[in-house]
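One structure is given below, encoded as structure tokens.
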Amino acid sequence: MTLLDFIYYFVLPVLSISILLIFIRFLMGPKMVDRIIALDLIITTGIGFISAYSILYNQPTLLDVAMILALIAFLGTVAFTYYIQQKNKP
Amino acid sequence: MLIAVLLGFVFSLLLVVAGKFFRGKPAILSAIIPLSLFVYFSGFINEVSGGGVIRQSFKWVPSFGVNLGFTLDGLSLLFSLMITGIGFLVFVYTSTYLKGHEYLDRFYGYLSMFMASMLGLVLSDNMISLFVFWELTSISSFFLIGFNNKSEASRKSAITALAVTGLGGMSLLAGALILGSVGGTYTISELLNSNQVIADSPYYIPIVIFMFGAAFTKSAQFPFHFWLPGSMLAPTPVSTYLHSATMVKAGIYLLMRFTPILGNTEFWNSTLLIVGAITMVYAAIHALFRKDLKGILAYSTISALGILVFLIGQGTEKALLAAALFIVVHALYKATLFLVTGIIDLQTQTRDVTVLRGLRKVMLPVAIAGFLAAISSAGIPPTVGFLGKELTYESTLALISMPVLWIALILITKILLLYAGFVAGISPFVGKLPEQFANTKKPGMLLWLPPMILAVTGIGFGIFPALVEPIVFPVVTAMGESLGNEHLKLWHGFNTVLWLSIATIAIGTVLYFILKPSQKLVESAERFEFLSPKALTTVGWAYFNKVSSLWTRIFQNGYLRNYVSTIVVFLIGLAGYSLYQTAKFDLDLSTLNEITLYEMAVVAMMFSSIFFVVFTKSRLTAVASMGVMGLSICLLFVFYSAPDLAMTQFSIDTLTVILFVLVLYRLPRYLKLSDYRTRIKDGIISLAFGSIITVLILEVLASPVDKTISKYYAENAYVLAKGKNVVNVILVDFRGSDTFMEISVLAIAAIGVYALLKLHLKETDQH
Amino acid sequence: MKNRFLSNILLTFIWVALTGDFTLSNFFFGFLLSFFVLKMVISGESRAKYFRIAPKVVAFIFYFFKELVKANLQVAFEVMTPRFQMTPGIVGFPLEASSDIEISILANLISLTPGTLSLDVSDDRKVLYVHSMYIKDRESFIAGLKNGFEKRLLEILR
Amino acid sequence: MTDLIVGVLALFGTLFVFFAAVGMLRMRDTYLRISVTTKAATLGIGLLLVGSAVHSYELAITAKVFAIILFLFLTAPVSAHLVGRTSYFSGVKLWKNSVMDDMKGKYNPETEELGSGLEDEPENSDSKK
Amino acid sequence: MTNQLVIYPLLLQLFLSIFLMFAWRRISWQRVISIVGGFINIAVSIWLFAFIWNEGTHTVQAGNWAAPFGITFVADILSATLVLLTAISGLAVSVFSASSIVAARLKYGYFPIFHFLLLGLNGAFLTGDVFNLYVWFEIIIISSFVLITLGGEKAQLEGAVKYFTLNILASMIFLTAIAVLYGLTGSLNMADLSIKVAAIENRGLVEITGILFLIAFGIKAAVFPLYFWLPDSYHTPPSAVSAIFAGLLTKVGVYALIRFFTLIFVDNTFLQDTILVMAILTLISGGLGALVQNNLRKVFSYLIICHIGFMIIGLGLFTEMAIAGAIFYLIHDIVVKTNLFMVSGLIYRITGTNSIRSLGGLYAQYPMLSLLVAIPLFSLVGIPPLSGFWPKISLITAAFEGENWWVIGAILFASLITLVIIAKVWANVIWKEKLELPERLNFRYYEKLTNEGKMQLVAPIVFLSLVSLYIGFGAEHVQQLSSRVATELMDRQQYIEAVFKSSQTTKP
Amino acid sequence: MEIVLAIMIGFLYAAGIYMILRRSLVKLILGIIILGNGANLLIFLLGRISKGRPPIIAGDLKVFAEAYADPIPQALILTAIVISFGLQSFAIILIKRVYKVVKTDDLDEMNAIDQDS
Amino acid sequence: MRTIILKTASSYLLPVLLIFSVFILLRGHYLPGGGFVGGLIASMAYVLHAFANGLSDTKNLLRFHPGFLMPIGLALAFVSGMAPLFLDLPFMTGLWYPGEIPVLGSIGSALFFDIGVYLVVVGVTLTIIFTIVDTI
């Protein structure tokens, strides 16, 4: 089994399953905060996805996308929590 | 001739700037223009009656084959003389009739514009320029009918008149253009050569119908006649000039002008016969049931126009001569009667024949003019009216089919017209002067002289028919018929025609003494008013308006979702139909890449997040789901080699989420507002749309593609544009203009957002 | 001024790392760039403090990674076994750290490691509320944190 | 050899992500889920990233990878903190088996102030902003 | 100098927009810049027009990339004409805006956005690239969104939501169509597409792509049954804004339809029949709609729709004569519709209302203005020899030659109903006696304006009226122009050669 | 995979239209965004997709050594995305302003313009 | 938001993100990135700062209205597009400085154009978000 086979047959499928599991949490909620966490984790998993993918296709340029994801996902979370906080203001 | 035609336009333009000057005393000076034109055209009588035709042509829009081409032959000369002659008298009359009116200058402006248009109409040798002038007469008529613009009835009548004549105008346009296409030219004189081609063409009937449409509306033939009585709300000079003497005869002119081109066919003749006959009888009967002088005159005018159409329909040279003569006759006596009515109206403030009596005592010259016009209208010798009537009977008698019927109809018409003429021209002046009119002021000479001149001319032509011959005979010649050695005579000997004349006069006079116009009569007619074309048109128009409202409300119902679904359904319909016709659905699946689990996972996430956006009840959840969707798309872009896209997609999505989040928390709840059925309906529409897109994609993917351009980019990105990220090189170099505009879009959006949130108009700022 | 310079150097390193271009010219460009950026972001009143580079940092990093791996294994065990052995709760952790930067770093490190999550700092900055998965009793939990992260961190920062 | 290192890194990275995913589903309250994700994801993703750095065997890539990891470690705890406090303030309940809640009653939603429980001590009252 | 002449109008507008943004709050400067810019723009456009008229179609290969690799800007005689008309309408509206747009709106970027809009219009007319056309369309859309919402009053916003949604929908369909086209041919250059689309074997796919473009542009052109956004929005913004919208926005859609369906999607009877049916229904629908409105600007809005039908009919008939008619009508309509909406603005300034029921008294109070107003009104009707009349000759003749009786019927119907509507408008707005309207404090009535303010309102109307009189009385010139446009449009080869001709001069 | 993506794009279009047909202004704008995403993916897919070959010339090369993904659709989408972003942000603010002025999110109530004025 | 943790984080993330954004901008011609994404990241840095510290702090930090960046960026792009016209080359023709410059690689009009894009994007994003936050 080569590394690429390993990535192809193990890493990516497991990451796929993980992302789906997290997505189920996203769908289930129950609170908005749960969705926010799930979304955050989905994005983080996406970074993993990208790095595995960049190994598989030998395309390290894809890691740039991962970089953007890492940075900007954070801002999304900040915005969502800001929203909830504003909404809870009497 | 160009100058002759343009003179009126120039004068009306002059009035725009120099209106104030002509508003007062100098108003009468404007009559110089029609007078000089009359003199100018009179100068051609000799030449034209000698068979001469004067032509002039000026280039206008040669690309369309449109020239300002003018022909002065017998037909146009007759009309030109009428237009300028009667025009002169009306101009003179108006200066007193509307003395001191604040808009007198505008009135003259419209009037001279009309005169010029009418001249242009009858002189045009080009169908398009004829149409141009035709429409200008309609428009000037609109302004003149609506001259009393503060009265709602006036405004309505103006609109009605414009609508009906406008309908005719459209018809004329279509007829002229088709005729031009078939005949190969718009020049009328050239079309004469191709009349056989035209008659044989499959478009002959449509052409004739269009031409009839124009003529019948303009000349107030049944059932389009109703605008004419309505237009009587215009000041009397207008009624005189436009609505009895000249403009309404434009339709007659058109028929006569095109007789040599389109006439002499079964369809042409019988249609005109029938329509003319119906109109003359119908209108003549109607004249019985009026008590308003102008109303009576309006209906008798319609009837007279019917007679003219009837005569043109007969088509023989005798009939055409009768028509030509009758045009003159009618113009003379009807203009007189209108002018007389105007004087009565002006001096007594009423036009009700049931109260008008004995006015001869206060306005004798007017009474004389009225009397002379009445006997001319009655066709009593030695008036020119007698000549006209004789010719009419003569030609009708010569008809091959059903002469008895036609004679009966024309007889009835003539009797009723005699009655109408007497009522209008004689009855106001005879009998005892009622108290109320005792102090009526005498009309000034400038008022009574014009009708007097017309009336006397009528008698003069009757006594000396040779005077009218050089005007009337060339008309027939111009229509392509030859008259041989005929002459107009008062005395033809004892023949059927004479007996008919005697019968007409006798019965008519008896009728005048038996039947007095009364309120009762008017009311009895009003009971059937709802059946009249006017009433039917009014009802039809109301329905039309209703339908318009309904149609407009069905499509433009204010609901955005209905607009969207209409558009989408339209797209589905067209594209679906086209796809159904052409799609092969034979996809070559082997060329498509295999599917991996991670792709499926992303797609599954995508699908579910879409579902979630659509069906969730929470706005914020929807927005978060959009985030998931964005990430899924981002991952797809990563998988399929588009890192720049992935970056951008994700950043933009996050930014959008932030915007949403900042905006949303003040909004109300995210409710499901539509009912179940709407949702099902919308669901079906949406899925149909989606399916079409899917099928379309698959079809496109199955067809070959040319990648020359992207290959060029790849080969030259570094070599020529010094960049290795080809996408970026495209963005800033190969297709840099796109990017420039893209950032402009952003800047505009930002300004828009800034303005949308910061700009609050104060009350003082609004609008 | 010193802090400012250090920040500048730090940013320059980040720049060089990002570009992956370890040349002198790039270093120089990075320095100029960071200088400009710092000029852009530092307003008169707030002067951000930055790490002092010290050998302790290295030791701390190793300690941190050890904790991180430990925490992850713990979580792995927790989630993959059918029954939960957790005793979660929120504890108010009395802070010794006082400056913004100290509190923040401490809180973040706590969040990153063993079953714990910094929820918030009280407005008077005396208490850091920490959520933890495994709390036997309050005192031992607090002591663990005090002797672990807080002590090591403050050693570096002060 | 490189492949093997990469493989091991990827294996553990993947597993940690997977555990986090399972934890995300299984954990009983929001706070626990936050705890789980912050850790597992950061370490798991970190390992995967290091794997790809090793695989590429390029300095530039390695630097980039460390930049990403740095960003992740900078931001993950902050977002955990934000979500955690937001959850608490918006009234998300602790799991029923939770043993203590020191924050209970300390938060005043009107003023958005979070007390420490130590305010009564007079000498510290001036440190409050 | 003239090598790059084709894009000077674009550069000028772009420069003006940016310059105006720098002069953000100095609204008196902005007024001057905009008007002076308008004059320069007319000069440049005339220059371009004369150049193209004499030299034939000219191109600029942006970025110096030979077609079809870069973005090509093409000025054929149609584009040059439309650029010139944009300049004319643009100047008129600039001047009109200077007085009629309140200072508050000017302070929030009215003029920069206005010039961006003109930029977008010029770009759309000049580009020879499908995707670039999309981008120009977006410039137009976003600037029109901003202009239509500027001020944010209730009616404006409600209108804007509909305007926004349906235009975005159109953009999406447009984008989809571009994607399909690219998927089929791998090209975006219009001349190149003309060649490549003709070579596609699967004609069905070409037809569907055509349908997508038809609907996308049809929405923008406000053709039945896609016009809904127009009557719900055009009467809501200030009249200067409606004026430029009315004159030019829908015309961009018409232009795009004409360009695409003469250059790329030709020889498809299904498409042509569809276009014809849509055109007929547009004439009818617009006419019926205008008949039942009470708001002056709504009447004009429906008339816009109605008259779009004339242009689309020309395209549907697809003969040289018919297209010449459509072009003539297009030229006339741009000038007259812009003018009409300015007229509605003037009337609003005078009376404080646009409700026909409440209007009146203009004839008595302002006879000269009434006369002035008569010119655009009756030009619109096509009272010969005013401008609206001439194109009908070509259209009816062309319809007759194709034996399309329905088309003739629809043209006549629309002409007649326009006549009746304008007669009604005239009777009710100009003739009717003045009614007592509720007092509006703070409203800047016309009579209260300074002479300069009055002139800024009236002068542009006079200017455009003169232009439309020229179109009517100088019909020969316009008809020659239209015929030439039609000839060029029917001869695709000419366009294609012009685009690829200049390729030798560029790299590589 | 193309088939799956084709179906997914169709689904995006459908969902976009469905959302636009709702009565809520917020949903309408979400619909527009979804539709925009659909259109972008459509461009992407119709430009033909390939895995793991970004159109970036590697290292010291001057031209591509191997096959690469078509960069044109990517550039088009980038432009389209950015433009959509401009429009979307304007639309989102429009919601805010509309709600402030009209006091509703229900599109069916935004018909004041239909009354003659 | 009243949290010192975020506040602290934002103050160290701000310079890092700005550096990062310039990095993304400059290498766009060679690797994924470019003016657009770069501009977005720069603006997000400020947005983050605004979330954590309040808008007025961020505005003080910026010292000028971000909207001002839009005409500047557009003007820069305009000039870089116009420049070739003076050499009688078409609009937007790429002009390149012969030879390579350290760090940036080739210098050409495309680079200035991309910087223009960057500035416009920063200006646009910040204008939009600041306006919204201002009017909440």
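Each chain gets a letter, A, B, C, D, E, F and G, in the order it is written, and its residues are counted from 1.
Following the convention adopted for this analysis, a contact is a pair of C-beta atoms (placed from the backbone, for glycine too) under 8 Å apart; a residue touches a chain by one contact, two chains touch by 3 or more.
For clarity, every value in this text was computed on a predicted model and none was experimentally measured.
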Tell me, which chains sit next to both subunit B and subunit G?
A, E, F
Decide which interface, A-G or A-F, involves more C-beta pairs in contact, and give its chain pair.
A-G
The chain whose C-alpha centroid lies farthest from that of subunit F is chain B
How far is the middle of subunit B from the middle of subunit E, if each middle is the mean of its Cα atoms, in Å?
26
In whole angstrom, how far does the Cα centroid of subunit C sit from the Cα centroid of subunit E?
62
Between the Cα centroids of subunit F and subunit G the separation in whole angstrom comes to 24
Rounded to the nearest Å, the gap separating the Cα centres of subunit A and subunit D is 14
Junction residues of subunit C - those touching two or more other chains
14, 18-19, 21, 107-108, 118, 120-121, 123, 125
Pull out every residue in subunit B that's touching 2 or more other chains.
558, 560, 564, 596, 600, 639, 641, 643-644, 647-648, 651-652, 654-655, 658-659, 662-664, 666, 693, 700-701, 705, 707, 709-710, 713, 720, 724-725, 727, 731, 733-739, 742-754, 756-758
Going through subunit E residue by residue, note those that touch at least 2 other chains and give them in order.
14, 17, 21, 62-63, 131, 135, 138, 142, 145-146, 149, 152-153, 161, 165, 169, 176, 180, 183, 186, 188, 232
Taking all chains into account, which pairs touch?
A-B, A-D, A-F, A-G, B-E, B-F, B-G, C-D, C-G, D-G, E-F, E-G, F-G
Taking the touch rule as given, give the residues of subunit A at its contact with subunit G in the complex, in rising order.
61, 64-65, 67-68, 71-72, 74-75, 78-79, 81-82, 85-86
Subunit A - residues contacting subunit D, complex
2-3, 6-7, 10-11, 14-15, 17-19, 21-22, 24-25, 31, 33-34, 36-38, 40-41, 44-45, 47-48, 51-52, 54-55, 58, 60, 63-64, 66-67, 70-71, 73-74, 77-78, 81, 84-85, 88-90
Touching subunit B in the complex: which residues of subunit E?
14, 17, 21, 62-63, 65, 68-71, 102-105, 107-109, 112-113, 116, 119-120, 123, 131-132, 135-136, 138-139, 142-143, 145-146, 149-153, 161-162, 165-166, 169, 173, 176, 180, 183-188, 196, 200-205, 207-208, 211-212, 214-215, 219, 225-226, 228-229, 231-232, 238, 270, 274, 285, 288-289, 291-292, 302, 348, 363, 367, 371, 378, 383-385, 389-390, 392-394, 396-397, 400-401, 408, 412, 415-416, 419-420, 423-424, 427-428, 430-433, 442-443, 475-476, 479-480, 483, 507-508
Sites on subunit B touched by subunit G in the complex
643-644, 647-648, 651-652, 654-655, 658-659, 662-663, 666, 720-725, 727-729, 731-733, 736-737, 739-740, 743-744, 746-747, 749-751, 753-754, 757-758
Counting only contacts in the complex, subunit F reaches subunit E at residues 16, 20, 25, 28, 32, 35-36, 39, 42-43, 46-48, 72-73, 76, 79-80, 83, 86-87, 90-91, 94, 97-98, 101-102, 107, 110-114, 116-117
